[in-house]
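In what follows, subunit A forms one complex with subunit B and a second complex with subunit C.
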Partner chain A sequence: MTERLSVRKTYKLFIGGAFPRSESGRSYVVTSAKGEFLANASKASRKDARDAVVAARKAFGGWSGATAYNRGQVIYRIAEMLESRRAQFAAELVAADGVAAKKAAELLDAAVDRLVWYAGWSDKIGAIRGSANPVAGPYFNLSSTEPTGVVAVVAPPTGPLLGLVSVIAPVIVTGNTCVVVASERAPLPSITLSEVLATSDLPGGVVNILTGGSEEIAPWLAGHMDVNGIDLTGAAPDLAKTCEELAAENLKRVLRPPADKIDWLADPGTARMTAFLETKTVWHPIGV
Partner chain B sequence: MFEYAPAPESRDVVDIKPSYGLFVNGEFVDGSGSAFKTINPASEEKLAEIAAASAADVDLAVQAARKAFTTWSAMPGAERAKYLFRIARIIQERARELAVLESLDNGKPIRESRDVDLPLVAAHFFYYAGWADKLQYAGYGTRPLGVAGQVIPWNFPLLMLAWKIAPALACGNTVVLKPAETTPLTALLFAEICQQADLPPGVVNIVTGAGETGAAVVNHPDVDKVAFTGSTEVGRLIARSVAGTGKKVTLELGGKAANIVYEDAALDQAVEGIVNGIFFNQGHVCCAGSRLLVQESIAGELLASLKRRLGTLRMGDPLDKNTDIGAINSAAQLAKIRELSDAGEQEGAERWSPACAIPAQGFWFPPTIFTGVAQSHRIAREEIFGPVLSVLTFRTPAEAVEKANNTPFGLSAGVWTEKASLMLWTADRLRAGVIWSNTFNRFDPTSPFGGYKESGYGREGGRHGLEAYLDARDGSL
Partner chain C sequence: MDSFVLVGDAREVSTLTTSGFSDVASSNAALRGFLHGLPGVDKVGADGRAAMLGTRSIKTTAKRQAIDLAISMVDLTTLEGADTPGKVRAMCAKAVHPDPSNPDVPRVAAVCVYPDLVAEAVRAVGSSGVKVASVATAFPSGRSSLEVKVTDTELAVAAGADEVDMVIDRGAFLAGDYLKVFEEIVAIKAACGDAHLKVILETGELATYDNVRRASWLAMLAGGDFIKTSTGKVQPAATLPVTLVMLEAVRDFLDSTGRKVGVKPAGGIRTTKDAIKMLVLVKETAGDGWLDPDWFRLGASSVLNDLLMQRQKQDTGRYSGPDYFTLD
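Presenting the complex of A and B:
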């Protein structure tokens, strides 16, 4: 009897809620931690990056205008979908990252729990970051938080799932939309994650994921005039410097890569959310 | 229009020295750059000779600040607070002197320096003094950053100094501050106030000079924090120059604020707000309401009323207590305002100014309104930073918001309507950091100020203003 030949998945980009190949027609070989062939992933181009920004901008009005409660529900739904795909992700993590099965399970649990944690922040971050200001005069004066806009995210090269979830969730929970440059070496979990996102009631375009060369794609996003912020967590020092210089052109908010190695299992804190929040202060006279 | 007898404020209250040095490590020292003069823009008379700080001078100032940081940051917050309270009190005691000096060096009417700038300066020091021993409750940690390099503009010289120095010191940082080249005098008087307050040497250092001095401050490798208020163009340069460093940066840059007047607005109040929005401080205000967006149905009536009101504004001697519009700060700024206004005419907008006598000496520009302005015109897109208002119209609230947000800037905006739900709907959609509804150009130390988009990042004022001067990293992600 012949052994059944498995049906492999084609790994594509995730733009505007759809799964296109790179318009450039390019792909690159992705191998396991042990060097075995895993897949030909799409190698995104400048045009793909720009299409992704257009999709993210298009989605911004609706997503930032949705109630915080609704955004929290959607992100909780992502956690539910991720939980239900445990087996698939565990296998992918073992292959991509070379971690043991037990470690893969731990990272997966942490990724699900992180989404749940961030989901709860949607309607609370404004309470801890806003303020009613006691001005010296007859004025109502209130400061509240608003999302920055379209944020480019250079995902960490390691921690292909937990690291990725930990950089995406804080950006979108407050109402931003994003374009993510996935880990170049281990991009496959990011595409599988986009399958989760696509089935989580997350509006198309809120998260867009590009695979390929981060050195090639990240600078296009850093210099893009319709991108409002950039998270350089996954960028090596030289790339981070180049991107920060390009980001100055329209004064993007820049989250620099951390000086020390990140422990993705640690308490995230609020800094990743507040890096891409604006404060709006509204004044109105009080009187009859 | 009523005739007013001149009511000049006496300039005898302030003693201007013939020349000033740099303030480094608690003392005035010579600068090694070539000295420059600061003039009264209302008369072009020379006020004083000012030392210019070279890169070597800046280095000495940074070293002094670094040395002082050790003790200043370790001092109990309650003690730091008392120094700031002391400074606030001395500012109040010497308020008249500072106000006159500000008007002389800057050209702004004494009515504004006396009633707006100086009270806000003192209040800012009082406000942040109170934070110095309460940082653990603010939510940004309690660790200061180190040495702050601060570069400020000429439009509100002493107020911008207060916005920079008060929070920096409250959080335990030390500072090297560069005032604007055309308005260094109140900063140098502030240095004397630091001496009177017995502030430890090196906690505040003031280095005067032009752009090169500012660049030396920003690019000094031992500066941990850069704070800049000024043009978006320079803000971009700074953002680029700190790339790849560990320096924390806040930038408060340009603006092109929309001031939206709906048809149900209280028109007399709106007219006062429009005047305050664009003619306050000769329009030398980054958050000025420089684009008036008026609903088409009331445009004629509003403009007639606005023109009538402009006819009552008095332009002239900044030290005259009746003066509404003072001098333009410099010849260079006047040239820029003229160039952009000429472009407005060339591009087809209609220019109007009230009949208004222009003094023979000094730099002056009459209050000016442009009607028939299209969104593509330079006067609708570029920051003029002068007393020039561009008027555009709209039909629906959606169109008003669309036009208001059609700018790379996002510092401030105004909304005028008697309908609360429309006000909040509009405020919600405007992409700007400060929204004044049924008022304009209000400032308070408790109220965070700062922009969206290319108007910069970071907030000054309020609890939010502490974040710029604390190391809020929580050590994890």
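Presenting the complex of A and C:
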């Protein structure tokens, strides 16, 4: 009897709810923590980043205009879909990160819980960040939160699933759309996550995931005039500096990489959500 | 026919009828005989050639040149029921200075408006050199009497239009009443006076490439200065293969009569890539002689912002966004 040949997969990008190949036609080999072949992944170019920004901008109106309740429901749905793919994610975490099966299960639980936690924040963030301001005049003065717009996210190279979920969810829960540069070394959890996103109720273009080199793609996103914010969590110090300089041109909101190693299992707090929020203040006359 | 002729070459026809162009419109039967005597278009060949030319890679300095040429060929168009004098003035300002922050950007070729807004557009463009084109003849359907169409044209010309974009009577064309279409074009051309006449074929309603070729020849024989694909109100509008067939028609018409006619694809051209594909098509089909705003125009509005964004990307090295250009 002949031995069965395994299918050697080549994964694609996730842009505008579809799975296109890289415009450049390039791909690269993804290996496990032990150096064994896992799959091929697309190596995104600057033009893929440009297309992803166009897709994110197109999705922004609908997503930011949806009710907070609705956004929360969609993110909860992502958690449900993630839960139903436990086995696949667990296997990928073991292969990619070299963690033990028990630890992988713990990280997976944390990722699902993190999504549910952020889903709950969708209609509550306004309560802690908005306010009714006392003013010396016959006006109601109300401040409310508004999403920043299109946010570029450089995903952390470690903690491929929990880290990824922990940077994407806070950006989109408040109504932003995003372009994510996935971890170059361990992109498989992000690719599988994009399959989860495509089959949950998330509108196409709200999350776009690019695999490939962050040194190559991130500066183009940082300099892009139609990107309103950039999260540099996964950028190395040199790259972060370059990106921050490029981001100054159109006054992007920048979230700098943390000085210390992040413990993704710790309580994230609200900082990641408020980093990409604007405040809108309305003066409204009292009476009649 | 020779087997190596890919798309069907109408040049052969001219040898048969060189003497006869004055007689072709003597009767509907003669006109029909001539138009149906044009060689058929190989649809698969035309689609294939247009797709192949669409894959040309135009980069860096060549792209820069193409962008500037395309900007200078744009007929900036607004043809909405909701057009106001203010909107027309804003569009004219953009036509004269497409990118106010950069005086190097060439002005566009023309603005295109409804007849009642021509006077406003003429005032707004002033002496900038931007032409004013007006649609006329019961645009976009063309369903009215000849008297109404002629008067429509006369009013547009009297208001100062440099160019008139007329629509043909597609109903008559499809019914085989070619002489009616021919005589209408002749009458409108007479009403135009010095104004240039662009004849809109509305290729999206003509069903076949053979009909596009016939309508092109009909419009050119009747005296049109330009042939234009579409009104922009019907899908599909200016596709690459249709433009290819029309470019072949003007090339062959020049060869056989010595008169040069321009081409204007309109509708559905939205990106710089679309515009550059059109330019490649012109270069490879009609030749360099048509790579000029006097002989080739792009009827569009949204493409201008994309051209400006790509131009800015080349200047600054960073991608631009729609926030930095006018909404129109």
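Assume the second predicted complex is superposed on the first by the 281 of 288 C-alpha atoms of A that agree within 3 Å, B and C clash if a C-alpha of one lies under 4 Å from a C-alpha of the other, contacts with A are read in each partner's own complex, and residues count from 1 in each chain.
Going forward, a residue touches a chain if its C-beta (ideal position, glycine included) is under 8 Å from a C-beta of that chain, and two chains touch if they have at least 3 such contacts.
Model, not experiment: these values are computed from the prediction.
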Based on the superposed arrangement, let me know which partner A:V180 touches: subunit B (first), subunit C (second), both, or neither? neither
According to the stated criteria, A:E249 is in contact with first (subunit B), second (subunit C), both, or neither; which is it? both
Considering only touches as defined above, state whether A:A136 meets subunit B (first), subunit C (second), both or neither. first
With both complexes overlaid on chain A, does A:H284 touch subunit B (first), subunit C (second), both or neither? first
Could you let me know whether more residues of subunit A are touched by subunit B or by subunit C? B
Would you sort A:W220 into first (subunit B), second (subunit C), both or neither based on which partner it touches? second
Once the structures are superposed on A, label A:R50 by its partner contacts, choosing first (subunit B), second (subunit C), both or neither. second
Which parts of subunit A are in contact with subunit B and also with subunit C? 249
Touch list for subunit B against partner subunit A, complex: 123, 139, 232, 235-237, 239-240, 242-244, 246, 251, 253, 408, 423, 427, 432-439, 442, 444, 446-450, 452-454, 456-457, 459, 462-464, 472-477
For the complex, give me every residue of subunit C touching subunit A. 317-324
Would you mind writing out the residues of subunit A in touch with subunit B in their complex? 128, 131, 133-137, 139, 141, 143, 148, 166, 228, 237, 240-242, 244-245, 247-251, 253, 256, 258-259, 262-264, 266-272, 278-285
Where on subunit A does subunit C make contact in their complex? 50, 53, 57, 220, 223-227, 246, 249
